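These notes are about the structure you will find just below.
Read from first to last, the chains carry the letters A, B, C and D; within each, the first residue is number 1.
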């Protein structure tokens, strides 16, 4: 059997398959369908310093081969996570990665600092790219200066693996990636959702309470693969690829484009067992192609 | 256009225990449909190992489900969500109020309540008599009252104006269009009737993972798919 | 019947339905399926100063609800167009708009100058956003400076209606639109294709000869609607909306978001008669909604 | 998996004149398929007002077409492209060479050539005998030679090695996998045989509007959908 394990910063993942933040709850929701222990890792909901109620309903609309969401980082805050959720989910034999968001640099820093004390959390993914919150969020992700600033500040308090999650809503994502790399990010993950909008033409009003939202699903995959390819060529740190992965073929596509690991997002809604199928496919693909170590194919294009 | 689908596990496995008010997430594999569609469980037959769904054609996804033929298979997740409470006091007067396709979960609920020794009544509303669904099935379970807006069947008017609501009622279980549920909730609050409603918020995952389906409640935004779809009206900000 | 006519610069279109460049040939290809005279206008193939062979085959791959193309502006050059094609297609009772591309500013200018002499061409659409050519093309469309430079130079030689077609591959498309407006563009059209990529995982090589290509089709529609909405709020000139319009509903969606006219692109490949159906839908929509003049709904959101 | 679809205009209209080698663009309305799929016209029956398509399951789109049932309707554009030339000198020896599902357009071509008084021969190649398609139909039209790679039917080897090619041939008409067509074109060039091949470039529109399907020829890039799919090999840069 081929070696599927890959390294991201100081993490050694048993396979390249992670779950995307905001699409996999806290992992627990999926235990009726999958064995969480088989995952390379699971990235949980966007966590902020304080409790957030998120945006008003409606928060979702289906689009061709995708969906728009405007959840807006609803979560109970980092302390609630540490005290109430973490104890419940920390025992899985899979890397638990917390996705961190904030409105101000200080919020990111303080959230990261508090998370750094958790034994079973060896990495955080910093979301500088959420299009669904008014202040901060995407603003940091759309300029090299913003990305550098957040990365640098978090790096100074967070000694474990630091993944910076990039926004696709930019002219040159490679430049943003390089800025994060320069300030000490151990890895970058991309893409977050693409800002989109949908209108109910009969009622003549937007489908989402926030007018615009974030587009995800297979519709965005060609854009995501292109960006992963561009970023992988521009940085030396490992790249985590995501955006519209629906099956094993799609996951391999990202790895050929340069991703060391992948995240599965919206696909979890269509098939809650999709992650297991992706891992199975990877094993099968490697054996069909005579690949001994999946690292061989990373960035082959 | 409405239709009832009867489904059995394709692999012959035994159905899990299903609570009245729970729903399924069904994949409508047709062009232009991406997400699963949430549909209430209308009835369960453990002997035959089948569930029934009552589907109204709303768009492409439901149209595809309605065009399924005998022996076709569909991919389905079940049972999801929390059901209605079935712990009313003995000898209470229970009124199950449904509007349009919202009658769907009330059939199985009625059966379950009857099994636990309750006497149930149904109040079904629709635009006209032709839109009243599954009346015979409901009549097997309890007394059926009808309201139609055009008066073509039962009393003319909205369900909230039906004379069956004039007498004492202990519990209301309601599912239908939001304006109807709100009007019913209003009456229930005024008259201090225990009342549960089943919401139909837009869902992506149906599993509590995406936080898309939230309802703003007295506890803040909660997921309809996991903390509902059935809510006691005291929890809602209606 | 509702008034469907709209104005773009000095053009008065009999209805808001145009065809998107590169997806409608020279119009002639569609005469077996539609009455060209019913169109608001038809925008023909990207035309350059010199003959271009375009990119090597393969140039196309299907994606979820969309396609990537890498045609690369194959055309016989502006003089061939003027002498050989224009005489054949100029007699339709519908606005003939030529899409102009170039690698250098001077090429755009010279092409526009030559086209300005054509009686039946009352507008050009300047493509500063093609992701499929090495030099120029998208480069102009991704900076306010580039967009301003090209617009200004063309404006100085082209007195008729000047539409600037914008690239979606940018951080702030509203800023680019404002730059074009400031230099005298009469209208902006958006979006061109989004840069994407697709890999054949069995052969382990890209599907396109150029590796990356331009994504079009309904997959991109939510992004396009969002950008039209943003641009329509930022500029005073009329906006032409496109990207993934498959039917009349979609066209109305763009108008509610702020588009004065729409272009139908990839949908012509799926249904060569789609443009007629969109016009019919608009009439029906207006009557259902009690709209006397379609201009009433433009930018309603 | 191969199968033949027989289609008649759903509105009862009369088929237009169709040239051998022309193709259709068919919409495979199934999830995951966006563009139409180009398929050669395998046969035409003007009396019955039907066309035949011979389809090989290559992926999702062709799979959907193969699962069509009697009386289903499909959306189709036809006839598209330019056909084979049917103006060979009288009494020429004509060889119609097909590989795999590439035999599709040769049946109608053979019929048409026969109608104009030509004597046609077919040379069909495939991996094994089971993959040789429509042999009986071809035998109605002319003499059939077979090559199979495993030797299970006809001569063992590639079509280009078949003994039927040893004697004098005036015209070759070829459709099949690109490597086979290239090998055939090579032989034709060497021996100065008139040769036409039918290309299967990836298409989006099929109408000459998108310029996606180009083949690099001696005249530069030309659209296979409008200037082809059939090309004289002298035009190709093979």
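Everything that follows uses one rule, which is that a contact is a pair of C-beta atoms (placed from the backbone, for glycine too) under 8 Å apart; a residue touches a chain by one contact, two chains touch by 3 or more.
Treat the numbers as computed from the prediction; the structure is a model and nothing was measured.
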| request: Give the chains in contact with both subunit A and subunit C, ordered by label. | output: none
| task | Let me have the rounded angstrom distance from the C-alpha centre of subunit B over to the C-alpha centre of subunit D, please. | result | 56
| query | Between subunit A and subunit D, what is the gap in Å from one C-alpha centre to the other? | reply | 48
| CA centre of subunit C versus CA centre of subunit D: separation in Å? | 36
| field | Touching two or more other chains - residues of subunit A | value | 63-66, 217
| request: Mind pulling the residue numbers of subunit B that touch at least two other chains? | output: 33
| request: Considering only which chains touch which, label the overall pattern as line, ring, star, complete or other. | output: ring
| field | Pairs of chains found to touch, sorted by chain label | value | A-B, A-C, B-D, C-D
| Which subunit D residues qualify as touching subunit C in the complex? | 27, 32-36, 75, 77, 201-216, 220-221, 226
| query | Quick one: in the complex, what on subunit C touches subunit A? | reply | 63-66, 68, 142-143, 169-171, 194-199, 201, 204-206, 211-212, 215, 217-223, 225-226, 229, 244, 249, 252-253, 256-257, 285, 289, 297, 300-301
| request: Enumerate the contact residues on subunit A facing subunit B in the complex. | output: 22-25, 29-30, 45, 53-54, 56-67, 69, 71, 74, 217, 266, 268-272
| Okay, in this complex, where on subunit D does subunit B touch? | 29-31, 33
